[in-house]
Every structure is written in C-alpha cells, then in structure tokens.
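Presented below are the structures under discussion, each in the form of structure tokens.
Look for chain A in each of the two complexes below; its partner is chain B in the first and chain C in the second.
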Partner chain A sequence: MLAAQEQQRSSTFSEGEKVPARTWRNMPSFYNLTGSRCNGCSHLEFPKAAACRKCGSQDLSEHSFSGTGKIETYTIIRQPFNEEGMAEQLVCSSPYAIAIVRLDEGPMITAQLADCEAGEIAIGKPVKAVLRKISEGGDDGLIRYGYKFVLA
Partner chain B sequence: MEKAGIAGYGAYIPRFRIKVEEIARAWGRDAEALKKSLCVNEKAVPGIDEDTATMAVEAGRKALAAAGMPGESIGALFIGSESHPYAVKPTATVVAESLRLSRGLFSADLEFACKAGTSAMQIVYSMVRSGMIKAGVAIGSDVAQANPNDALECTASAGSAALVLGSENLLAELDATCSFATDTPDFWRRQEQPYPKHGGQFTGKPAYYRHVSECTQRMLQLTDSGPQDFDHVIFHQPNGKFPVEAAKMLGFTEKQLEKGLLVRQIGNCYSASSLIGLCSVLDQAGPGERILMVSYGSGAGADGFAFRTTSLLAGKRPVPSVSQMMSDNLQYLKYEKYIMNTRR
Partner chain C sequence: MSRVAIIGCGMTSFGQQWDKGLVDLAVAASLRAMQDAGTESRIVDAVYCGNMSSGMFTGQEHISSMIADAAGLRMVPSTRVEAACASGAVALRQAFLAVKSGLHGCVLALGVEKMTDVSSTMSTRILSAASSQDYEASIGATFPGLYAMLARKHMDRYNTKEEQLAMVAVKNHDNALANPYAHLRKKISVDDVMQSQRIADPLKLLDCAPVSDGAAAVIVASEKIAGKADTPVWIEASAQSSDSISLHHREDLTTFKASACAAREAFRQARTGLNEIDCLELHDCFTIAEILALEDLGFAEKGSGGKMVEEGLTHVGGKIPANPSGGLKAKGHPIGASGIAQAIEATWQLRGTAANNTSPSKVLTHNVGGSGATAVVHIFGR
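Here is the complex of A and B:
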C-alpha cells in the first residue's frame, strides 16, 4: 500500500524529505483531498498539479473534493507488510484492499479501502473518504493521518 | 448575556462489534453471568486504523454539516478524551485541520475520565454566552482501553460525538448546566500505563451514584423542575445497570431513559457515552421537549445539562442516525481480530 499511495502522491513527495516535514506539507491533500482546479478550462486534478494536464495553464487554484465516488477497480493484497527496517509502520492488517476510486467530480484516486472484507467489495460500489491512521513510526513516532475510503 | 444551545450534532460509532459471549469464550468465563452482572450484550470496537482523533473528525464533520456551518465560522474546539493519541501533541489541532476550522481558534484537549466531553461543552457554552465566540465545537471521543480478562474488557468501547454550540439557529436551547466533584479514588491510570485500574465495588455507591444523584438534584433545583418535567433523561453509561438504577433512585421512569440508553449494544464509549445518548435522543425527540443529561467521570465528578428542543430540530438531523449506526452493516469480530484492532 505504501507504494501505491506514495506513487499516487508522487507529485507531493520529494526524495529524502523527513517524515514530519512531508506529513505537514501533505496535510491539505491527506486530510481534505485538496487538489487543484484549472482557472482556464476548469479541469480538476488530484493530487495538486503544477500545471493543468489538459490545457497546460499554470493558473490553478486549490479545490477540495467532496470525497464521494465509486470503485473503478480494486485488488486484494494478501502479502504481509511492515517488514523489519521499513521506515514507517503502516496501520492496517493483511489482507487489505487497494482501490482506484473515481471521484464524483471526475479524477481517479488510489487508496486503501478500510473496514471491509474482500467479499463486500465490488466494482461500481459507492464509497466515501474518511480520515484514518496511515502510518506510525513505532510506539514513539509521528502518527500520519490521511484519507482512506469506506463503502458508503 | 447571549442565549446558547446546540446548533448541530453528530455521532460516530465504528461498524465493528464483539459480543460478550466471544470475550467470555476466549477466557473460559461464564458469558451469562458476565452479561447479567454488567447488563451489556456487546460493544463497539474501533477499526485497526481508527483512534480518538479520526473518530472525532467523523463526528465533527457530521455535526458541522448538520449545523449548516462552514469550519471558518467556528471559534473554539475542545476535545475530551482519556485516550488522546499523544501524551504531548494535541488531538485538537489534527481535528481542527481536518474540519478546516478558523486559525484564530481557541482550542485544547481535556481530560476528566468519562466526563471530559461534557467539560468541553461547558467551556464552549460559556464562551458563546460571554460573546467571546459566535459558535464552537465540543467533542467527546474515546477508544477505551481495558486490561485483557478484566471485567472492564466487556464494556470498554469506542465512539465519538460532537456538538456545535452557538447562539443562532438552535435545534435545542441549553437552559442550565452545573457540576459536582469530589476527590474519589474509584478508577485511575498512571502515566505510561496502558490499562486503567479500578476500585471494584467502590465504583458504585460513593462514586457513580453519589456524583450523578448530587448533580441531578442540583439540576432539578436550578431549573425549578421535578423528574416528571423532563421528557428524556440521559445518564453516563459505564454498564447497563448503573444508569437504570440511578434513574429509579432519582424518580425517573424507564420511558424517560430508553431513547438515550445504548450501552447494552455499544458498551461504554467513555467520554462519548452520555453524548451519544444525547445524539440518540435528539434523533427522536419532538419540538419543545425537555432533556436532562448527567455525565460522570471517575476521580470523580458529574456534569448536568438541561435542554429544550426547538422546531428546527426535525430539519437538522445527521445521517446516518445513531440507530442506523447501531443496526446497519455491523461486523462481528472474533477475539483475535478484536485484539489486533485494539492493540495500541
């Protein structure tokens, strides 16, 4: 899940950055699904873009998504995680589901589906974003909160 | 002084449950005896990635939406819990950021065992009445901890409730509030200890019953009312027995108690316990009805509140309702999975 979520957020991830700084910088997107809206052509993107993918304009403003959407596709991961030496301990237990969610406003977003069993998940089912613990660096680390989706 | 009351409310209960039978099975105990002594059948369990902050955000988002108020209009946030995720670093800032509250926010985390959420209400209420803020949010949220195989394990649960207190567009007016507190050693947890300890039988008479009844009597005096003048009464619910006995002792009927008595199905959500009871009553009450709520926090103290619902209530109810969260999409856990979800 780390790979999937971090890839999704690659535009807000910079190499070598420490956890507190990265956590703090990503709060708007992690807490409130804040992406961007193009002032030229109204195109919406998540995560926040530096330039509009549709018309190339750099005149963008922040846009927070409502957090409701539908499951476009998903996969169940049965591999255990949190191997020794991993920098951040993820807060979830395997098996767990990762979905690509089509937000009602259009953009797609990759995230964990929380609170559900594999048998409950189906393509097309409505979901909504919730705030959950993403990772915690052991018993004394920083707790990183962010979005996951639950069945609506 | 400004009039003040509830402009919005929201409760959150996780979807997971564990039955007392399942806990009893794990430890080879007599389930029927446990259920009979506690009057609790099952309790709410958090998801593995849920904590006091995430549940407070869920409840807070619902309450703000029900109030129809944007986060920037909120001037204060106080969160009561005995399971704040950090020893040092506020829950309130995580929640404020997620609810997009104003940057000039008055905020802090509170602790007073199970009554910390109602202490938050009193602070926000007095700020509204003094005119310091237009509206504020008070939250009680807990992921309660219990030592495995302690009787407490059958009741300590998880939940959250948020109230938007303000002076306009009220769904219930707050007529009066009071408190009663003494130094009573019924329940405690020392720094860096994972589980609380309690005084067994001592948690009843000198602790819960004394503080709840003193506070209730003060509330009746303060509002110049008798028990029969209230349509609904909510007491803190550490188990299914104490609030029922307290109601009987103080002259309230089962009917006055029933809409806010949830402990048999969700357990004791600590700081959220009496508040979720209040949300459940607000989900069902008609206009012009009077509600008495008395919380209890070990150590010990009780906070009392008298409310009067308005005609706006019917149009400001959050979805899903408390009763929906108690019946829809429940998932029952085996003991092993329960331990994974509650390990902190």
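Here is the complex of A and C:
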C-alpha cells in the first residue's frame, strides 16, 4: 500500500522531487485558496468541503477565492511559538499578528497578517492574500509555503 | 427511567507536581473517590477516563488500562475519552449514560492531565492541537490567540472593557483563596491583571488559566446503589453539543452556539429553568470565556456579560455565584481533569462542604472543548 502511494505521488511530481503527502494534499488550499462551491445552493466554503455545510449536498465544484477581504477580528501573539531545538519553526516576525478575515465572497479564513505594525491593524480594514513562507523544518524538513494577508 | 447520582469524589491538588506522574495523579484521585463513596473498588463496573493529550505531554498512550490496573480495577472495561478541554465532562457523561442505560451500576469517571513535563512553548503547541492543525495551529494561531480574537470581537461589538475581563480573574482568584486544591491561591487586583505580561492582545497572563498537573474522579451510581449512600447528589441533566472546530466556520464570533445548545437540552432534561439554578461552575480557560458562558447559557443578555461581572452579580454572595471554586482560572486547568473537578465542586456545594459554600439547591456546570467545538452542560441537585 505504501508503495502504491509512493508511486501515485511520484507520478504527480517530477523525478527526484519529494513532497510529503501532508504538504502535497494541502497545496491547492494553501497555494491557490481553493475551496468549494455547492452546486445545489451556491454556498462557498474554504477549505474544500466534502458536503455542503448549508444544505448537505455532495455535489460540489472547486472554487478558488480571490484573496481580498476585510479583517473580522485579530490579535497580536506575543508568547513564543518557536523554541530552539524544535524541528518546526514558524517563519514570522515576533510578535506576530493573526486575523480572521472575511473574504469578499463570504467565507472566513484564519491567517497571519504580514508586513504591518500592530497599530495599523483594525477591525474592518481591507486586506489581500499573498504567498509567503509559513514554516520550515518540521518532520519533513521542508519549507512550507502558504497564504498570509497584508493590508490592501 | 431511574436516576443517576454522584456518590463519591476525590481529587489531587492542582498545580505543578514534579514528584508525580500521570498515572500517580489519576490513581490518587480515583482511590480517594472510591474511599469517599464508601465502596470497595470491586463494585466499580467500568471506568471512563477524560484526557486530552497524554501522548504529546508525556509520550504515554493507552492510559485507560494503565490507570485501571494501578487503581486495582483489572478486568473492568476502562475507556479513555478525548474532547480537548471538555474531556472530563464528556467522560462524566459517558459514565452517566452507562449507568442510565442499566448496563452498569457503579462507574468511575475520572479526568487527568500531566502538563508540566514539557516546556511552556511546547505546552502552547500541544494545546493548539485542540484547534484545526492545518488551518489554525500550524499557521501560528495559538489557543490564547483564538480566545483573544473572540475577546476583541466582543469588545468591538458590545463595548466590553478589558477591565471587565480582568474582574473575572480577580473574582476567581478571590474564590480560590479558600480552596485547598487550587493552583493559584493569590489575591490579585484589576491593575495586576492589566499590567501582567501581554500574551495575545487583548489577553494578558492573568487573563489565562495556568498550566497545571492534576486529576479528579467521581463515582457515578444507579439509584439503587445511591440510595444506600449518605449524601448522593443527583445528575439531573447531562447534555453535550458540537460545533465546527474552527472559529472561521462559525456564523458569529461573539457566541459559542454549542454552549447555548447544550444548555437548552440540559434545562429540558432537568425540567428546570434559569431561575432555579443558584450556582455555576463555568469554563473560564480565559476571562472572556466566562463572559461568553454567562451570555450563552442565558444568565446574561447577549453583550452584557462584562457588565454582569462588574456589578458583582457573580460573586459568592451575589445573585448567581460563578466559579466559587476559583474556576479553571485560579483553581487550575489540568485539561482532562477540569470537567470532573467542576462536578466535584457541584457535589461539595450541594453537600454543603465546599470551601466557599453558597448553599445552592441546583448547580450547573459548563465545560468547553477547544474554542467552542464541544460544550457539555450538567445540572446537579440534591
């Protein structure tokens, strides 16, 4: 079974490129903000759902969000997340800001706010998604990329 | 259907206990509960053990059998249940259901967490596993961070003040002074809270429950067995509800819908209403959580929880005392043990032996898992 998984993965990526399954399967949502649209009731969700949370339909299509939205709420995290010796290290300033963003299409998403000072952040401010380093190290030693948001 | 009661309680003190491991704590609490029930351990038919993360905190899994064995309960079915910070109340509910069904007559429900064998940064990371690993924890949204965002939203929408959050901590520290089991028996002021180290704005160190080791256990028994006990305390309702694990999937960031839902079901089961409840043990892992709970359970109008605390209505001696034990905030919060410790406080309140006795006729306990993805409400009476 492991061999079959390896085979399937190696057919997706070029020779010599090794992407651990966890990072690989989350790529559409982390790189492209891919979620889902319900073909029954048009409800949008991020990340991709198996069944519509509004009407229960399993007839869903992929939907990539534009990445623009507004800050719904936020915090400045001042306690350390990284510690020397821990494999996985978050790539960010210290302290760093986390927000729940209401995307223009409706759904909310939790993300880091990058490139801003604590004093500039406020509920209701427009933001947009950017692709950034999220963490490095970890079990697989990879640099993990994904979305952060910046003030628009 | 016949009634179900708590007939025995036992707990360890909460705090940093470097000389005791996870099983030591669990067994100490369990033996005390059995002794308090006045039963021989052989009449315990089953064990439910609430624990969030023994694997990540200590490397040990399969603790249900280990604890049963060490407590002298070999051959008895022993099951671990996990619902993050609500693991304890979920274990109690499993015991309640097992007795209510008639399958078991006498069940040990316990909760335990050994948290201080890891660094504080590691415990921050372990606790964040109660939220979505992929979409919250691994991007740096710590647990205090999630509650901080709820606090920020509540302050923005309802004009709740940071000082009102601080008043929850001051009250619960006051209550813990008399509780010999409490982790933080230290009087604090609103200024102390406001000036304490900033953790995740607007939450500061003294807005947060401490990282504690500890265990708590109760003996849950059928009406037939409880009838022979001196002071049975009846479990009049046991209700549980679930919501999305991530805050970003909720409709409203100023409420825990699962708490409201579980409370509604609990009032239905107990055939009682808000006015008949006269003492509360609420899930105050952060000060904002106690304010949300007062509102979500119906004791305060939405948005007015902060004001209710400021007016002193939730003090011991007030209209509806909340967390006379000191709550998670000051009694301590060994994750898996907290839900059981709430039930013990309820039992002691109803027996009239609690440290801060409020002489209630009915006590409601409220235990939350994660940032509101699990909520459990129990109602106890004499």
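Note that the second predicted complex is superposed on the first by the 126 of 152 C-alpha atoms of A that agree within 3 Å, B and C clash if a C-alpha of one lies under 4 Å from a C-alpha of the other, contacts with A are read in each partner's own complex, and residues count from 1 in each chain.
Keep this in mind: a contact is a pair of C-beta atoms (placed from the backbone, for glycine too) under 8 Å apart; a residue touches a chain by one contact, two chains touch by 3 or more.
Nothing here was measured: the structure is a model prediction, and the numbers come from that model.
K.L.:
Clash or fit: how do chain B and chain C relate after the overlay on chain A?
P.N.:
By the criteria stated at the top, chain C and chain B fit after superposition, with no clash.
K.L.:
Based on the superposed arrangement, let me know which partner A:Ile143 touches: chain B (first), chain C (second), both, or neither?
P.N.:
first
K.L.:
Quick one: classify A:Thr73 as touching chain B (first), chain C (second), both or neither.
P.N.:
In the superposed model, A:Thr73 contacts chain C only, not chain B.
K.L.:
Looking at the overlay, what does A:Pro107 touch: chain B (first), chain C (second), both, or neither?
P.N.:
Touch partner of A:Pro107: chain C, not chain B.
K.L.:
One more residue to check, A:Cys92. First (chain B), second (chain C), both or neither?
P.N.:
After superposition on chain A, A:Cys92 lies in contact with both partners, chain B and chain C.
K.L.:
Which partner does A:Lys133 contact after superposing on A: first (chain B), second (chain C), both, neither?
P.N.:
A:Lys133: touches chain B, not chain C.
K.L.:
Is A:Ile123 in contact with chain B, with chain C, with both, or with neither (first, second, both, neither)?
P.N.:
second
K.L.:
Go through the superposed model and pick first if A:Pro47 touches only chain B, second if only chain C, both, or neither.
P.N.:
Only chain C; A:Pro47 stays clear of chain B.
K.L.:
Mind telling me which of the two, chain B or chain C, contacts the most residues of chain A?
P.N.:
Partner touching more chain A residues in the overlay: C.
K.L.:
In the superposed arrangement, does A:Asn32 touch chain B (first), chain C (second), both or neither?
P.N.:
After superposition on chain A, A:Asn32 lies in contact with chain B alone.
K.L.:
After the superposition, pull out the minimum Cα separation from chain B to chain C in whole angstrom, please.
P.N.:
12
K.L.:
Once the two structures are fitted together, what part of chain A is touched by chain B and by chain C alike?
P.N.:
Residues 92, 134 of chain A touch both chain B and chain C.
K.L.:
In the complex of these two chains, what residues of chain C are touching chain A?
P.N.:
Touching chain A from chain C are residues 119-122, 124-125, 134-136, 138-142, 144-145, 148-150, 152-153, 156, 197-203, 244, 246-249, 253.
K.L.:
Going by the contact rule at the top, pick out the chain A residues touching chain B in the complex.
P.N.:
27, 31-32, 91-93, 114-115, 117, 130-134, 143, 145, 148, 151
K.L.:
State the interface residues of chain B toward chain A in the complex, per the touch definition above.
P.N.:
For this pair, the touching residues of chain B are 14-16, 47-51, 53-54, 57-58, 85-86, 94, 97-98, 100, 329, 331, 340.
K.L.:
Which bits of chain A are touching chain C when the two form their complex?
P.N.:
These residues of chain A touch chain C: 26, 45-47, 53, 72-83, 86, 88, 90, 92, 96, 98-100, 107-112, 118, 123, 134-135, 146.
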